[in-house]
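Each chain carries a letter (A, B, C, D, E, F, G and H) given by its place in the written order, and its residues are counted from 1.
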Amino acid sequence: MSAKAKMKQVFDRPKSLKDVPYHYCPGCHHGVIHRLVAEQIDAFGLRESTLAAASVGCSVLMYDYFDVDVVESPHGRAPAVATGLKRSRPDSFVFTYQGDGDLAAIGTAEIVHAANRGENITVVFVNNAVFGMTGGQMAPTTLLGQVTTTSPYGRSAATDGMPIRVCEMLSTLEGTAYAARVAVNNIKNLKKAKAALKRAFTYQTKGWGFSFVEFLSSCPTNWKMSAEEANARVGKEMADYFPLGVYKDVRAN
Amino acid sequence: MSAKAKMKQVFDRPKSLKDVPYHYCPGCHHGVIHRLVAEQIDAFGLRESTLAAASVGCSVLMYDYFDVDVVESPHGRAPAVATGLKRSRPDSFVFTYQGDGDLAAIGTAEIVHAANRGENITVVFVNNAVFGMTGGQMAPTTLLGQVTTTSPYGRSAATDGMPIRVCEMLSTLEGTAYAARVAVNNIKNLKKAKAALKRAFTYQTKGWGFSFVEFLSSCPTNWKMSAEEANARVGKEMADYFPLGVYKDVRAN
Amino acid sequence: MARRVMIKGNEAIAMGAIEAGCRYYFGYPITPQTDIPEYLSAAMPKVGGVFLQAESEVAAINMLLGAAATGVRAMTSSSSPGISLKQEGISYLAGSQIPGVIVNMSRSGPGLGGIHPSQGDYFQSTRGGGHGDYRTLVLAPSTAQENYDLTMLAFDLADKYRNPVMVLGDALIGQIKEPVELKSYRKKPKEKPWALTGAKGRHGQILKSLFLADGELTDHNWMLAKKYKSMEKEVRFETYRAEDAQLLLVAFGSVGRILRTSVDILRDKGKAVGLLRPITLFPFPNKAVRQAADKAKVLMVMEMSTGQMVEDVKLAAECACPVDFYGRPPGSIPTPDELAKEAMKIWRKRGLK
Amino acid sequence: MARRVMIKGNEAIAMGAIEAGCRYYFGYPITPQTDIPEYLSAAMPKVGGVFLQAESEVAAINMLLGAAATGVRAMTSSSSPGISLKQEGISYLAGSQIPGVIVNMSRSGPGLGGIHPSQGDYFQSTRGGGHGDYRTLVLAPSTAQENYDLTMLAFDLADKYRNPVMVLGDALIGQIKEPVELKSYRKKPKEKPWALTGAKGRHGQILKSLFLADGELTDHNWMLAKKYKSMEKEVRFETYRAEDAQLLLVAFGSVGRILRTSVDILRDKGKAVGLLRPITLFPFPNKAVRQAADKAKVLMVMEMSTGQMVEDVKLAAECACPVDFYGRPPGSIPTPDELAKEAMKIWRKRGLK
Amino acid sequence: MYFDTIIAGFGGQGVLLMGNVLAYAAMQAGKQVTYMPVYGVEMRGGTANCTVVISDRPVGSPIIHEPVSAVVMNRPSAEKFGPMVKKKGQVFVNASLVKAGQFETRAKRVSWVPTLELANEVGNSRLANMVMLGAVVGGSGVLTVEQLAEALTGALDPRYHKMIPANVQALEAGARFVSEQKAA
Amino acid sequence: MYFDTIIAGFGGQGVLLMGNVLAYAAMQAGKQVTYMPVYGVEMRGGTANCTVVISDRPVGSPIIHEPVSAVVMNRPSAEKFGPMVKKKGQVFVNASLVKAGQFETRAKRVSWVPTLELANEVGNSRLANMVMLGAVVGGSGVLTVEQLAEALTGALDPRYHKMIPANVQALEAGARFVSEQKAA
Amino acid sequence: MPQVKVISERCKGCGLCVLACPKHNLALGKDYNAQGYAYVTFNSDGKCTGCTFCAELCPDMALRVYKEESA
Amino acid sequence: MPQVKVISERCKGCGLCVLACPKHNLALGKDYNAQGYAYVTFNSDGKCTGCTFCAELCPDMALRVYKEESA
């Protein structure tokens, strides 16, 4: 870089993230998703008015990365905690960040009812089809036939049911104002993911109600794949069963 | 009845019900719904192989009425209890009997996941738009504007959300094989209700998977209406928001 | 002068909460405490507060956790089975040092049990029914007036110690209607620099209970243990005709109040019987019990259970005098006569005169 | 001879369950017990059993309730926060008299805490963390072998008393790998006329905990209390070099095993120190402790908490000798040397020789 | 001074209101008082009852198993609570619905109050409960009709305040009836 | 007889397997033994370690803060566990990755084992762990290489049984190396 | 002629059968049963068709319907 | 000419940036960082367009992209 003075930085880390390394495994999408959320916090100028409800999963340490106020929620209960945050500080920007074990298993009642009440919060849902933190057990979103540490013979429709499509289910609720499923496995999808997050942030800041962004995410470690393979799986098997797209956008026109 | 010998009884109580009076309030539809379920138990010859999971609500005492084996479930957990019953005795006929507070509020996670797993059980869901047993508090299914003891100014979409349509939501799940919403407010609807129950029983006995019958039901006491008014409300306001019909019938052809 | 009204015990709790500045209530119906959410559903909007009926007790305690994390005064209430469901959340509140008031108008158990008054949740309340080595302050009112007063105190203590505070009544204490003097609350709110209010001009702030580094959690637990120890100064109890008592009855809550009448009955018969009624169950009035054990000939604990608080009394009495027990599990309410009779049995058995 | 294998503590639990005829397992992942569901997810299908990963701990305990209601042997396992969520269900099991085995490989709390070994759930386990006046039998293994043996025993006791039985280990007991002798289970299953199997040739049968009629629940509670009392005969404990001990250490589970080494260290120094390790925490070995209190000069309780079992020891010792305490809240694992040093402090403080 | 009573009847007879008014009046008279309803699942039989205890000293138990008095507004209540009343106690019977010989009691004093008839005289059969309450204070002397009348404002929902004069008339009618009985 | 060791290294180095084989062999030799892995969230740093305790008496603590020996397969492990080893203890260092002066220890005896080099000689660099294990038993005398070799069948998943001969060679290479060192 | 038998002790007087009968054969009576409910009465004036609508909709199974055996 | 700076201590060597770069400007290197990861290296041979794809898809924000100021 001979002419450093003339160079302009076209990519930098968002200000809402602390400058510390993540504990995530190599190639884990949690890292990208964190950054995208932080970018919107910056873009909307919300760093000083954001309250986040962390959940229990690999992302439990998100408070070590986001430079905003964060409260730790019991496993699955982030939407209830966020409800408490938002109701007591309606002017704050409130979001939850939850995994699929957290949101689609133990926290089913809380997410359904937060959505149904139309809580004016934003939910970032990271669906990696597995309980990551606890070492790779089957999640409600684990794909059929997928081998995990608690589905050693592969997930079976007969005994475990089919993977649950949360975005579709929540979209049936009147209170859900915005719902989209996105991925960050390539640039095209990443751009759509940014747009979806932006829309979700718009919903909340305008007071339009409950917004939900589901990220299909990779877990190389527990899928027992390389980062590349896992990244590819997101775009293929995952997106085949969990179609990407905007499921609800009540203010669209 | 002069010629009693020649008379044939064309209506009698089902054998699966004990000959004791109900504790239900005058005009409460729980009584009719009990009878319809018992009639199907008789019709399918299941009295000796039925295991029921009672729930907590006005119908908690159902075991005093049904002459079948019954276990009491904690509030909202009947689908999990029924899962335990069915998995350990797959040859039994297993059903839950749950109110809207029980199933659509505290028990949301359990019903969603029992449905999603496609548990081969039958759920009888009695939606009377109110927490009956505890004295008339707002339920997730309480209609907009409806005054209850915890929505004294009427249910508000802004703070309480819209009434939740359970049948529709569960129908989005792959595991739900049969789902219908019925009522017993008049003979026409009652006939459809019988048909729906029969279909649900068929599903389970044939091993076709999770079957769900939602009854719109009256609660004259907590609606603060006469039995007639309450009966009429079921057919009008209730059925307007909660349309009657078969929502899913995967084996239909 | 403060207004005197005739209100239900449950209403007194609700009114005490509002008077103490609580504007956030999250609950779920369950007999015999449903008057609390019912009252607040009407009252909260009038004072600009939030009443929210949660989808479950689990959700309610976690909504409280979220609201209280922002520094506001928040409350939830329930009864026994619902309180069991809140245990994980209470443990998180304690671990994260988030204040909050939890009302348990306990009912008979175990399981679904019934809706009779009961004292079977004493252990759960005082020993931390949730996981881990934490304590909640526990206040046990015995009259509608105390419901009102102790609810206000509960908020102060919660904020003071950044800890959940339990108000433990029962079906009797919740359903009874009595005159209550509506004293006004005059404390000025405590500053809460730890509260989450948005990282304005500062870095993000965290409320959490996870401590992974080697030894970090040990320190956290010791800090909490010291805090619990320091709560000892909040001990409250009441005595009734206890000065010269040879037989000192010890009971809390509803049994504590019923025993006043029993003491009168026995005193009328010339028996030197008195009453010690712990008002804080945690911290337990250990010193008071120890002193009483030195003075009285016999302590006798009475509970609507098969025996829970009796363990605390024994531990406190340190064998200075015998500790007898009469248990009356829930299912109906004991009468003053019945309890007086039981006291007389001990009186005779222990050869008191 | 029985096969000897080198397995993880958690696996020993899973294998013990299968050996004892348990064919129904319902659970939800949580560190440090996830090896149990993981093992069983592979093993159950092979023996014709059911492994079901529930949507939550709440669902899991209620699936257990349903399965056990039909008379089969069923188990669930979790760790501290998950066990808190099961408290309502456990109370229902106790109230409805439905047997079932619940494993708590407890971790550090309160709240999310950490995944270190911990003994902070002692109160929750022994005092009934759920609502109402009930007890669960609590077995506290300290080795992988005991995990295996006591899990089998847990099923027998559950059936015998129609009561939930808790196996209380911790992260250390669950993660350790040790040789285990795989003894075979030879008991013949108990008849269960109360089980729900369909009303064949009889009227419908009910399992419930709701008793509304006046006094009915009181009777039910007394019946349960008598049952809990009758469990006293199941008391188990172990002593180590205790015969002539002047200072008797009392500890359970992981601390109990670590202290064996501490005792050896102290004995090597010529100090008459011994160990009493309760294996059943409920029923608590009251008599053994009482006798020990008569024989030893001092009892000293050590726990990975700020003090819970010490209350039971004090109650049992009935002031026959002083009871000292060393608490070591979770966050890291105490070493034999550290504990030996603490014991020496008391040795000196109490002037033992 | 000590007084207690169990007031019992059918759901619609207004027995809880009777207890409330009595308790409210006692409070206003500077007494210690408790009112305890039977509630919850037990309510669903169609019967209702409450217990009121009035005393100079703080009230210990709000529930009484051997009451000083009972006010029984229908037959099931008479059958249930009649036998519980103390020998030296008093039973107030709704003579419009309960007949002699239909229940047992040890109580020496039994007042038979034709509540419906007296209420109809006042002009409204729904005031039977207030008639009875008048009879109770008249017969027991625990409070005065004036004290009850004053309590109505506080005990009644403002919506019903326009009914106060009629209620007072009913109270008076009941009190008058028992005093005439006594005199007779 | 008493022996304990902390075996530590990077995630992929097979340190847990080393512990397992050692423990298994001890069991087969009729010893009391415990194996304790570090697990869970702590695993996610990329480092792994386990503690093995072998004794004639039942093992009390499976965790040792002042171990008799440590086996450090990489530099961070050497830095962490080197200083903890007892003065009279022994540190086995993976000389292929750790250099003298890179860590501290009180231990008098430090064995530098060029595991990669020796493993490559056996024909597979992934056998470095078994080389080290051979060195540990050779250097400490806690068990024999034969006992370890016998344990492989039980400790290894049947899928890997065909690798046993190579593993045995590696064990032997390690043991030989330390005995030559000693002799030297 | 079809007949409807009212089990008066079971009737709660809710009136749903009255609504249900297309022939207006049922009416709430003036007599109270032991539970305090004014129970329903059947008007056997011959208009009853034995359609069982009343019984089907009675929550408390207080009605039984009889019809001539179809010869 | 656009430049990509690799913060080698932050790189975990996952290779996602390698995949992302349309110009094949990135490759996993042979040097290990303190965390033990073989970090990525940037080939500044002039093919880089400064599109930022690599940086956008890097989970660990180990890349920074610089471009000439558009004059």
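Criterion: a contact is a pair of C-beta atoms (placed from the backbone, for glycine too) under 8 Å apart; a residue touches a chain by one contact, two chains touch by 3 or more.
Remember, it's a predicted structure, so these values are computed and weren't measured experimentally.
Peer 1: In the chain contact graph, what is the shortest path length, in steps, from chain C to chain E?
Peer 2: 1
Peer 1: Any chance you could check whether B-D or B-C wins on number of contacting C-beta pairs?
Peer 2: B-D
Peer 1: Express in whole angstrom the distance between the two chain centres, defined as the mean CA positions of chain A and chain H.
Peer 2: 25
Peer 1: I'd like the Å distance between the centres of chain C and chain G, where a centre is the mean of that chain's Cα atoms.
Peer 2: Result: the chain centres lie 54 Å from each other.
Peer 1: Taking each chain's centre as its mean C-alpha position, how far apart are chain E and chain G in Å?
Peer 2: 38
Peer 1: As a quick test, compute the distance in whole Å between the mean CA positions of chain A and chain E.
Peer 2: 64
Peer 1: Can you pull out the residues of chain G that are in contact with at least two other chains?
Peer 2: Within chain G, residues 35 contact more than one other chain.
Peer 1: Quick check: what residues of chain B touch more than one other chain, meaning two or more?
Peer 2: Where chain B meets two or more other chains at a single residue, that happens at 25, 60, 72, 74, 105-106, 108-109, 112-113, 133, 140, 159-160.
Peer 1: Residues of chain F that touch two or more other chains: which are they?
Peer 2: In chain F, residues 41-42 touch at least two other chains, as defined above.
Peer 1: Note which residues of chain D are touching chain B in the complex, please.
Peer 2: Those residues of chain D that touch chain B are 24, 26, 50, 52, 54-56, 58-60, 62-70, 72, 74, 88-89, 92, 96, 98, 196-201, 203-210.
Peer 1: Mind pulling up the chain A residues that touch chain C in the complex?
Peer 2: 18, 47-51, 53-54, 60-61, 63, 66-74, 77, 80-89, 92, 109-110, 112-113
Peer 1: Where on chain B is chain A touching in the complex?
Peer 2: 105-109, 112-113, 116-118, 140, 157-162, 164-165, 168-169, 172-175
Peer 1: What does chain D use to touch chain F in their complex?
Peer 2: 4-6, 31-32, 115, 143, 172, 175-179, 257-262, 264, 333, 335-338
Peer 1: Quick check: in the complex, which residue numbers of chain E touch chain C?
Peer 2: By the definition above, chain E touches chain C via 20, 23-24, 27, 32-37, 39-42, 57-66, 154-155.
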